[in-house]
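The structure appears below as structure tokens.
Should a chain be cited, it is by its letter among A, B, C, D and E, assigned in written order, with residues numbered from 1 in that chain.
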Amino acid sequence: MLNVTDLRVYHGPIEAVHGITFQVKPGQCVSLLGPNGAGKTSTLSAITGIARATGTIAFDGTDMGGLPVEARMRRGLAISPEGRRVFANLTVSENLRLGAAMRPEGQAERIARWFDTFPILGERRDQQAGTLSGGEQQMLAIARALMSEPRILLLDEPSLGLAPRIVAQIFAMIETLRQQGMTILLVEQNATQALRLSDYAYLLNNGRIVAEGTAGTLGQSDALMAELTGIG
Amino acid sequence: ADTIKIGLGVPMTGDYAPYSEWQGARCMADMINAKGGVNGMKIEVLIQDSGADTQTAISLAQKFLDEGAVMLGTIPFSDTMIPVAQVAQGYGVSIFQPQSTQVEMHAGIVDNFFTGVSPDPFTATAAANHALSLGVKNVVLMTSDEGGSWSARTPLWFGDVVEAGGGKVLSKLNFSFGTSDWSPQIAEMKALGEQIDAVYISSIMPDIAVLIRQMRSAGIEAYVVGSDGFDDPSLDAIGTDDPAILDKVFFATLAPSHADSAVVRFIAECKEMGIDVPGLFPATGADTVKAVAWAVEQSGSTDPATLAETLRNADSIPVMSVDAISFKETRTYAQRTIPVIGFEGGKRVLISNEIPANTPTDWN
Amino acid sequence: MTLSRAQRRGIVGAALLALILIAIGLAATWFGSRYQLRLVYGAYVNLLVVLALQVFMGNARVTNLSHSAFMGIGAYAAAICVTPEKIKAISLPDAPWGLNAFALDPVSSALIALVLTGLVAWLVGVFIVRLTGIGATIVSLAVLVIVHGLFLYRTDIFKGNQAFFGIPQLFNLTWVVGLAVLVVFITRGFRESRWGVALRASADDEVGAAAMGVDIHRLRLMAWVLSGVLLAVAGIAYAYYLGTISARPFYFNHVFLTLAMLILGGMRTVTGAVLGTFLISFGLEWVRWLETGPVVLGIDLPEALGLSGIVLGGVIVLTMALRPGGLMGDREIEDLILK
Amino acid sequence: MDYVAQQAMNALSFGAEYALLALGLAIVFSIMGLVNFAHGEIIAVGGYTMVAMAALALSNPLIVIGAAVLAAVAGSMLLERVAFRPVRYADPTTGLLTAFGVSIVLQNLFLLLVSPRPIAVTSLYFLDWPVDLGAIRVSSLQLFEALTTAVVIVALMLFLRRTVLGLAMRAASLDFEMVRLSGIRANRVFAMAFAISGLLAGIACVFIMARRGSVDPHLGFDPVLKAFVACVVGGFGSLPGAVLGGFLLGAVEVAMLVMLPQSLGGMTDAFVFGIIAMVLIWRPDGILSPPVEKGDKI
Amino acid sequence: MLELKGLSKSFGGVQAVRDVSMRLAAGQVHGLIGPNGAGKSTLVNLISGLLSHSAGTLTLDGRSLDGMSAARRAECGIARTFQNLRVFPALTVEQNIDVARYTAARAGRGADALVAEAMVQFDLDSRRNSRADALAYGQLRRLEIVRALALAPRVLMLDEPAAGMNEQETQALGRALNWVRGQTDCALLVIDHDLKFIMSLCERITVLNMGAVIAEGTPREVSENRQVIDAYLGEGNDHAA
């Protein structure tokens, strides 16, 4: 579904990712793992078109290079970005409505469904998103992304800065999504959890893929893995 | 020389563009040239936009002088006229300004300077005399420093004459050029609690038109009286739909500009020649050209100093806007009758046209 | 501390600019008509303004709109001091505080003007330097309006839009070229000085600079006052040449014209200021000639009022779209020549 | 008492006009940080359209007003495409200077293509008649303007709260990139912002022309300068701030006009700007935004 | 020599730093760790004066820093780097450093020799005349450190200096910092999430969680602390050096 080939990503003059190749097949959950600054977020930014990049990013077999951000998203991408980036001055339900901009029909039901899934969001539906706690914001960001019923969901460190209890909830939710057949590209620092969920994983360090494999093989064997992610 | 050059570095753009004289000058030159010129020489009017900027105007003056201009025109503001005159002095050239009414220029700062019209105290007095004859007693004066003494002091002279005639200045209100909503000032007028007979203002269009309409709409039926700044076709235009709005408006101006005046006939002739001369001010340039042409003819010379000499000592110089002017007594300005223009049914009428005898004398 | 590399290069750059300025001055004197001499003089006065503007805008990177007001303050201060009593008796009969009862020599008058403008700049600057971005720009706009209001309103001192005349005409092209050379060295010197570098650092990153011990307010104030004083120099050069001043030349039109010059050349460098000034001064002159509808190569062009404005505005828009940093960007003249 | 009420009404109508214009500036500023100095020329576009209508002998007021407002909207959207797209993501100074250039170009185009002289437009005079409100007499224009501004504010609020594009515009002021990541077309958001801004300019144009009765190339400069100041004082980019700033400026201006003793009358503008400058020094980011400590955060 | 007593800071409702007391000693390297949002950077902001604390006191060599501007504190010798780069992009490397050197000179401290040597140690010497925006990310991080050193600081605080560096780079950074320790007697405060790096570099470590100090001690003590394991390290990880 998503085929990335020889991707190089730039921030101004700095090359943050130095030619990586990976793919995500339909229905799979694929993880990008790696330490701080490895280039995970940069990779996602290149896919969404935010960051300047070279190489090919093929979605459903066609290259998206050169397309503006919103055109890419309209092909069926959605992202829950690093740092959550909820629309702070909009209410919770307005955030969700904006999330549904690409697929407005039936949004009311979907919003209601999300309020069932995360009752706390329902309680706060008319509260400004900026005043939510980090965990609530993270739920909102994921729900917002899913409001457009994407074909592939990009998740950038959904567990970042969250209390363990919330983290568990988020991962459970990702698990559910995966079981429902959602295609997911997951970026995580929390390698143990991520590997548990993933069909396949890539390990990034310093802008390069240094290891890859199925969750089982990567998780157990690789010494590098141990060094970079602390999994022993 | 086979041409007589007159240099006009005047504002063709900017706030004062409606009040510059170039179109009339160009048309008059064409008329004279079409009749074979003066003493076999063609008149060439050098025109370039100064954008009302002093530095540009001075550079242009210099340029025209280098090109051999025998007379210069420029924006009627002393901050530009003085340095331009100073530059021209070195060439023996003078400035002929056909519409400058401000008094400073006659204080003897420069002497190579002519203005083809009478100074503001005269226009103020002519307007005041007519107001008094209408039975005006209580007046409000609107002043501004932005137009120099023309907008700051002319209303005061008007007030002086009215008071000398038994009237009373109720209040002086300040305004700025570019005002498009006069409601605060109008509310002040109403708060005076006394019947206002006339409001005097020396300002430019379109501000005046707005004032007139807003006063009427607020129920103040006082006369709106003013000076030459009123004399623009866009004032007449506000009476297109409702001529009555101009009924109680009159102003003292530079030259008769009602239907069938010399100015209006000139404008029509120019139109036939394909030159658009939009109003009195643009037409006045013809005075400059005609006076210069006359001086050349009289003296048989194109030496600028001789021309100035000729103009200064002539008993009567024929110009376009009136039959004749003279600088003999007054040296720098032309003492001439002051037309007071009013409206009837939306059309201009000449109310009076004489040299007021009771003009204040303390202006120099 | 010895001179840094940038400072040494700065001296070379300033010297190169000085040579160009002198060359233009000489060329004008030898080959120019009197009309062209006037134009060139005007261009140099504007150059003084633009250089002064660069000191603050270029180093602190805050858009200033009040510069023409400070030029006016300098011009009026010098004019009031230097104009002979005889003339002031006519022009300023009602002047308060005995302003019309004294006259000083040109040098003392100029010095007083510089000090006075510097003082006013300092007073205003204390407030301006606390603001950043658009807020500072608005307050500078307010300063422009207020000063203009004073010029207009106190006709007893400034004559408003009437002429303040009778100022001795003391300067010629040589003078203004000399001043421009001096000011190029001053502005370039400031840019490369420890203060200039620190100020530019704070414009790049205010927080980073504060953490490195840069007292941003103090430096901005310093640049602001220096800018004010240099604007007074420009004002004096204006008054001492024309002999007549009024409030009008120190208002919006002039503000925008000089701003455009700085933007086109690039506000970050002194070279940009010089380049922009001359390009616009001479370019506009050429366009003004086109405006009159001349005959070019046998084609009689139509009269085109407003062409110069269209060109001026178009140049700004294009510069911003294609080279937001102006023609020079961050490069000074020596960067084009030296390695 | 009547006098005070009268002047208060005047202040309100001054404020309404500034608020209308300031909103037009703020809506563009809030999404792209552009200080649209050329807003005034959009008003002039409306004015010249009225001239054109008169020349075409179309005097039906609805047509005249409709055409003027449409022209303003179209003009504003055109500027977005032609001039402001290249500086869309540039810093505010670049935007400000671009807009300033655009403004000069347009003024001179009017001058070149139409005329440097004011042209009278009388077709809207009918909007202006005296209305007696109890003891005070106001102009119908003042009422229309205050009412229209109120309606516009409400409509704008509804638009910004109810529609997706409105939500996107509000969100864009804080995080434009995330808006695009939600699949909303950037071009639409910008086009919409400029369309609204043009609409507001068009509406303001109707009132300005009805009062002024003439158009010239510099028609928009003064009002937009004031609106610009109002915006900054209210808190640039904040729509409530723009409205507040507009009304504040209107009040200060009328207060200075009527309260300054006549001997200081010439200093009205100076006082107005002085007061505004002091407000800014007190609240550098505008009245509605108290100063915040950022630390090392951007 | 730098002493914090009961320092607190809140932003609106968020209490970012609560009642933190700690002491940095000359010549010592002190680590500061804690989860995201724990208040580490905020603490550094409070010390460097970019934020003003709402309660508590701050003294350097017994002299109170309360109410002193960031610039004044830098003059007094408090230097820092930033988590998000804050170099001056339009200035050259040399000028970036000069900005700090001028401050040091004004305060009567000179560090010219140290800076010259540091340029070599941090591998910036060859780039001294390049504009900072032409530098690579790693070089910029090192530039920030050298620039801070040019203040001839009494206290040097590094906010995540190893972020974005790979293994070798991190090791090189550690060596360079050890060199710094040998050259000056300034107190070093280092924030980083790279525990290996922190544990091997620091003599003492303070752990922040939700704005408050939850542990303080040697690397070993800290890494065995129950609370620290719960809040930050997580179960089953052995990070001791």
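Everything that follows uses one rule, which is that contacts are C-beta pairs under 8 Å (C-beta built on N, C-alpha and C of every residue); 3 or more make two chains touch, one makes a residue touch a chain.
Because the structure is predicted, anything quoted here is derived from the model rather than measured.
Considering the contact criterion stated above, the chains in touch with subunit A and with subunit C alike are D, E. Think of each touching pair as a link: the shortest run of links from subunit A to subunit B has 2 of them. In terms of C-beta pairs in contact, the better-connected of the chain pairs C-E and A-E is C-E. Distance from subunit E peaks, on a Cα-centroid basis, for B. With centres computed as the average of Cα coordinates, no chain lies farther from subunit A than B. Distance between subunit D and subunit E, defined via averaged C-alpha coordinates, is recorded as 48 Å.
Each chain gets one centre point, the mean of its Cα atoms, and the points for subunit B and subunit E are 75 Å apart.
As a whole-number value, the distance joining the C-alpha centres of subunit A and subunit D reads 42 Å. Centre-to-centre separation between subunit B and subunit D, using Cα means, comes to 36 Å.
In subunit A, there is no position where the chain touches two or more neighbouring chains simultaneously. In subunit B, the residues touching two or more other chains are 12-14, 145. Looking at subunit E, residues 50, 82, 86 sit in touch with two or more other chains. In this structure, the chains touch in the following pairs: A-D, A-E, B-C, B-D, C-D, C-E, D-E.
If you check the complex, the residues on subunit D that touch subunit E are 293-296, 298.
Listing the residues of subunit D that touch subunit A in their complex gives 161, 164, 167-168, 170-171, 173-175, 177-186. Subunit E meets subunit A in the complex at residues 35-37, 133-134, 136-137, 163-167, 193-194, 236-238. Taken in their complex, subunit C has these residues touching subunit B: 33-35, 38-39, 42, 45, 90, 152-153, 155, 160-166, 169, 242-246, 248-249, 253, 288, 291-292, 305-306, 308-309. Residues 61, 63, 127, 130-135, 137-139, 141-143, 145-146, 148-150, 152-153, 207, 256, 259-260, 263, 304-310, 312-317, 319-322, 324 of subunit C are the ones that touch subunit D when the two sit in their complex.
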